[in-house]
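Take a look at this one; I'll ask things after.
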Amino acid sequence: KDSVNVGVCVSWPGYGMLEVAKEKNLIPDYDLNITIFEDPLGGHAALAAGQIDVYGCTADYTPLVAERGTDVVNVALLNPSYGVDHVILAPDVTPADLKGKKVSAPQAYIGQLLMGVWLDGEGIAPGDVEWVNLNADEAVGPMLSGDLSAAYMYEPWITKVLEASPGAKSVANTSDPEILKTGIFMDALYMNKNFISKRRDAALAVLKARWDGLGYWHDHVEETNQMLADFLQWPVEDIGYVVGTNGKSFEGGIYMFDFDESAKACGVLEGDMPLDLSNGFMPEAAALTNDWWVKLGLMKDKVDVTKAIDCSLMGDLAASGYRQAFGPNE
Amino acid sequence: MSSTVLQLDRISKTFQLGGGRELTAVDRVSFEVEENAICVLLGPSGCGKSTVLRMIAGLETPTGGEITLGRHPVTGPGRDRGMVFQAYTSFDWLTVRRNVEFGMKINGVPAGERRERAEHFIRLVGLSKFLDAYPSQLSGGMRQRVAIARTLANGPELLLMDEPFGALDAETRWQMQELMADVAEQAKTGMVIVTHDIEEAIFLADKIVFLSAHPGRVKEEIVPAFKAGGRIRPKEELVQTPGYAELERKIMRLMREEGQHE
Amino acid sequence: MSSTVLQLDRISKTFQLGGGRELTAVDRVSFEVEENAICVLLGPSGCGKSTVLRMIAGLETPTGGEITLGRHPVTGPGRDRGMVFQAYTSFDWLTVRRNVEFGMKINGVPAGERRERAEHFIRLVGLSKFLDAYPSQLSGGMRQRVAIARTLANGPELLLMDEPFGALDAETRWQMQELMADVAEQAKTGMVIVTHDIEEAIFLADKIVFLSAHPGRVKEEIVPAFKAGGRIRPKEELVQTPGYAELERKIMRLMREEGQHE
Amino acid sequence: MRPSHARKSRFLEVRRSIPRRQAILSAIGIWIVFFGIWLIATEGGWVNELLVPSPLKVFQTTWNLFVDRGFIGDIGISVGRVVIAFAMAAALSVPLGVMMGSFPAIEAIFAPFVSAWRYLPAPSFIPILLMWFGTGEAPKLALLFLGVVFFLITLVMDHTKNVRMELIETALTLGANRSVTVMHVILPAVLPDIVTAMRQMLAVTWTYLVIAEIVASTTGIGAMMMRARRFLKTDEILSGIIVIGALGLLFDLLFKAAHRWLFPYLKESRG
Amino acid sequence: MRPSHARKSRFLEVRRSIPRRQAILSAIGIWIVFFGIWLIATEGGWVNELLVPSPLKVFQTTWNLFVDRGFIGDIGISVGRVVIAFAMAAALSVPLGVMMGSFPAIEAIFAPFVSAWRYLPAPSFIPILLMWFGTGEAPKLALLFLGVVFFLITLVMDHTKNVRMELIETALTLGANRSVTVMHVILPAVLPDIVTAMRQMLAVTWTYLVIAEIVASTTGIGAMMMRARRFLKTDEILSGIIVIGALGLLFDLLFKAAHRWLFPYLKESRG
């Protein structure tokens, strides 16, 4: 049996559906060799070098791939963040006060994008605040000690910070319709170009297996959540707080695109998108992300993001008649 | 004639070894050192010479007996008993002058006096040309002279030396021995010197205390009779002096007897 | 009577110091060593004794002249010239027996013969009781004996020793000197010994080569006439022998003359 | 009969060795003080319980990790990684360092290279290591290896250069050729120092473990600590730290014991 | 007249020091070989140019970083952090280490503590450091400090314990009390060794720089390298590594020079 090397960017349930496919034998012809990268960049390096073939990670990386010209493409969007990512404001601070204050977000990660988008909405330019490069977990201490005025965060820290520091509040999150419709806070599936060109069958099989795994989850949420909990070594409740228990989405977690939705995002299937997104928005969102990276001073130029997007696999699946559409279970 | 400056009264030293074992290194050793006299401790290796000297210096505490310097019992190290070791102890980070001034400085001697005394003693040991040299620029014998000058400049009542010339080559050793004879006369400091070298012992000693080993006890006190008229120099003369050869043979015999025990 | 085993023919050694400077440590030194004889190199510190010995051993290359051992010129270190240093060179990780077997082992002597020879020489130096002890369990003198046995067991034509007993105390030094006299007789190995100690030189030497310093040259070759009948033992007798005291004074004078230059 | 005027012993005496009892009490004391301050700080609410849990909680967690969550497996994996990477580093450093210390010609070649690479920030090699070694054990081992190997080479070389010249010259005058001199004299002479250097450098490897186990890993103490970070389980992070500290000390003891066992001849006896 | 049979000199001679020329050629040679292999590997297409850029590219990038992107500012910040953190570590280690080495009673208290903390995986302290020290320079300095201080204390203590007993006893018999003995004899005697130990340990601080500058930092070489990682700009990562290596060597030279300058009396003269 041929094997395919799969990487997962941090232990995150959204990327776990290939593990489901593997355990449920939904991809009988291939051996999936799944590695979790606690360090997302490590996974990207491994993918670019062909040490792994497939990698689930955040979509904000797409413009960077286009700029660098590595042999990596985004083959599908998997799910938007549906309230996982928040901006937390310290007690007694109003958005208007933020000019010149310290705000934290992990530099060059999705968190910085969220913070930038939110600040922009509040009329504050990226250059007007003092950026502090912190991961969500690292921001807790300074947030509690009053060192930071705002911070990018996700659970379980949001709850802890709000509890421990009365007056702190969440002022924005990725389930806000305005933020959702930007389409940039997404998880995506990346593949190595050489893998696709040399082993297209395998690439298709893996992609299909991903959707089959998702389908299995939709049909057997409780069993699958437990499976994910074992795989990631998370408590099963925490899995629920991300992917929910209704087989579709969780407010404060993520919203799982089904195959059809993802194919529409690619523009390989006709029809409307939910969440105020438009059909075929994928390159648009990547370009917007590119703009934001430029605004934040991390990229110099606008690049042709379509070089790093390959919807042909989704297109083949759709053409072969593969369909999957579901809403929340009752 | 001259009065006693140091008195050892039945001094013993028992070391606690690991595992509850004990070693009596020195057993009821008594002797006296007269003012301005050189007393040489001689004896086979391991007989406790160094231990006796260290107890006099106050670096070890006797487990029995009493050591009296002048009228006061010895309770710890002090500037009244200067010590010179076999290993070079020059403070490498100080120039010769500041080495010699060291003791005076920490004892609060005013700068002017310090300078004067230091220069005096550096002259005495023949290092005037090297006042501002660092010890690393000196030969072994010269370093040892720095140590001696440093100790003497500190004005001790007693100079203690543990095989001070053991590491030096023959000619330098002679020079040092003659220097010590001069110093004893000029600086009027009593000395207790530990040595292995019989010739050195005979040349320097006003009195030789011979220790036996296991445990260290005083085996014999020898006062070289032929030296009554003072020290004999140059050294070449000494070997020709009547009585010298006999004394040398006697000590050789003592040494050899003791050596057997080992 | 006996034939020459080692010959130094106008050997010189110039060291290149930093900055293009040169130092001529040894200047046209010539002497010979006869079979089974002990030749002692004597001289003030820095006169090049060690350098001469190291050139004989092949550890330094002369910058001029020729050294011949038997009939062959010396071109590098070899087992035909065993060397014993002042610093202890016992291989601490080997037992006494394996230390002594070391040279034979690396030279391919079969195990049986090795064992026998090792035991023979260990007996000769009086360490039979310590066959399986490690050097760290031995005293300084015993370690030096291990080094001597190891060198002798390797069957060298010539034994070279650089102040071999300098670090030992007086009694041990005597024992070692007497041992060497025995060895010279029994093992029939020629020796070149460097020493500072005049007594030691006179006691051991069949011939004394006295070097002068800066640069090192042969100042005098002395053959102690009173030893024509063989070595005198015990050592206590030696000092009483007619001629001893004169020789001692003569060498002392030589030493002192040379010492002045410094 | 101890003289009544015997010097009275003060607590602080230069180089005066202290009784075993005092040594043990001091060692226990400092840890009691440490845990005491920690306990007071947390119980007294001086620090946020969320970020610095009380030591009791941490011990409890450690216990649970062992009993309920098979922490011993993670430990085994981490120990395995440290040991293998360190063994590889030693396998390169010891021959190379000894050769560099023995032959100035070899030192001249490698020393300028090695001494620059000591400053290598090992973590920044992670992407390159992943590219070359893929996602298995190899990149983790490579990281641990890189973190320690240049220090180890330098130390081994320095120790080898300190082997006394007389030993080498003795070997030469006994008829030893180069390889015998290196293998049978220099190497055994320097070996005890090498083992000591390895003992010290193993500590460096342990400090790199956490970084190495972020690299594509779900097993091992470091990965456990990463997971704990994600869920803000500071008690588990601290458990991890304590376990690493304890393992470090344990290895230190093992090395000490190995030293005694390998080099029995170093035991000092006779005065 | 050199004898014609003079031992012919072979390339590998145990402890035979080599000519200066050979030393310089060897040092240059190894780097040429290193860059040569690198160049061939990239130009020859053995490795992916994007992942391992050619050395020419890296030099080009380094040049650009300096000329166009104000890299010198980042370097200044990093050097500042390393120097300050290291100075703080030294300011604690030297007095404490010297006291531990001088007074067995003090050693008994701190040694068991310090030797366990050497194994401390510094990176896992990041969250706690951020909580205590906020997001300014303090946590970065604290991390660098923690990474090196326990090693440094141990080394200073060991060196202090090696100060010869005779020197101390000489001071005592000259009438020195405890503080004079420690300050005017033990400390100056051990100082050269302390400076050497610091030289070695500075390398460790540099290796931690990259980790420290991930913490709440957007400035410094480490942060630059992190950003470069994010954008998979391997050329910039390699530039950073080269710059850190060069800085490390530079500091090494500075320490060597300082050693010579501070301790002129160690210059060997006279035979």
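Note that the chains are named A, B, C, D and E in the order they appear, and that numbering of residues resets to 1 at the start of each chain.
Rule of thumb we're sticking to: a contact is a pair of C-beta atoms (placed from the backbone, for glycine too) under 8 Å apart; a residue touches a chain by one contact, two chains touch by 3 or more.
Note that the structure is a prediction, hence the values are computed from the model and not measured.
Asker: Chains in contact with chain B and with chain D: which ones?
Answerer: C, E
Asker: Of every pair of chains, which is linked by the largest number of C-beta contacts?
Answerer: Top-ranked chain pair by contact count is D-E.
Asker: Tell me which chain's centre, taken as the mean of its C-alpha atoms, is farthest from chain B.
Answerer: Greatest centre separation from chain B goes to chain A.
Asker: Just curious, how far off is chain B from chain A if you go by their C-alpha centres, in Å?
Answerer: Here chain A and chain B have centroids separated by 84 Å.
Asker: At what distance in angstrom does the C-alpha mean of chain E lie from that of chain B?
Answerer: Once rounded, the distance between the two centres reads 46 Å.
Asker: Calculate how many whole Å lie between the centre of chain A and the centre of chain D, each centre taken as the average of the chain's C-alpha atoms.
Answerer: Here chain A and chain D have centroids separated by 40 Å.
Asker: Considering chain E alone, which of its residues make contact with at least two other chains?
Answerer: 48, 51, 127-128, 131, 172, 229, 232, in rising order.
Asker: List, in ascending order, every residue of chain C touching at least 2 other chains.
Answerer: 58 - these are the residues of chain C that touch more than one other chain.
Asker: Provide the list of chain A residues touching at least two other chains, using ranges where the numbers run on.
Answerer: Counting only residues that touch two or more other chains, chain A contributes 41, 44-45, 48-49, 137, 140-141, 144.
Asker: Please output the residues of chain B touching chain E within their complex, sorted ascending.
Answerer: 57-59, 77-79, 81-83, 85, 87, 89, 91-93, 102-103, 106-107, 134-139, 147, 150-151, 154, 160
Asker: Under the stated contact criterion, what part of chain E meets chain A in this complex?
Answerer: 48, 50-51, 126-128, 130-132, 134-136, 214-218, 223, 226-227, 229-233
Asker: Using the touch definition up top, name the residues of chain D that touch chain C in the complex.
Answerer: Contacts found on chain D: 164, 166-167, 169-170, 172-176, 180, 184-185, 188-189, 191, 263-270.
Asker: Residue numbers of chain E touching chain D in their complex, please.
Answerer: The touching residues are 11-18, 22-23, 26-27, 29-31, 34, 48, 51-52, 102-106, 108-113, 115-125, 127-128, 131, 147, 151, 165, 168, 172, 178, 181-182, 186, 203-204, 206-211, 222, 225, 229, 232, 234, 237, 240-241, 244-249, 252.
Asker: Name, in rising order, each residue of chain A that touches chain E in their complex.
Answerer: 41, 44-45, 48-49, 64, 67-71, 102, 104, 107-109, 131-134, 137-142, 144-145, 147-148, 298-299
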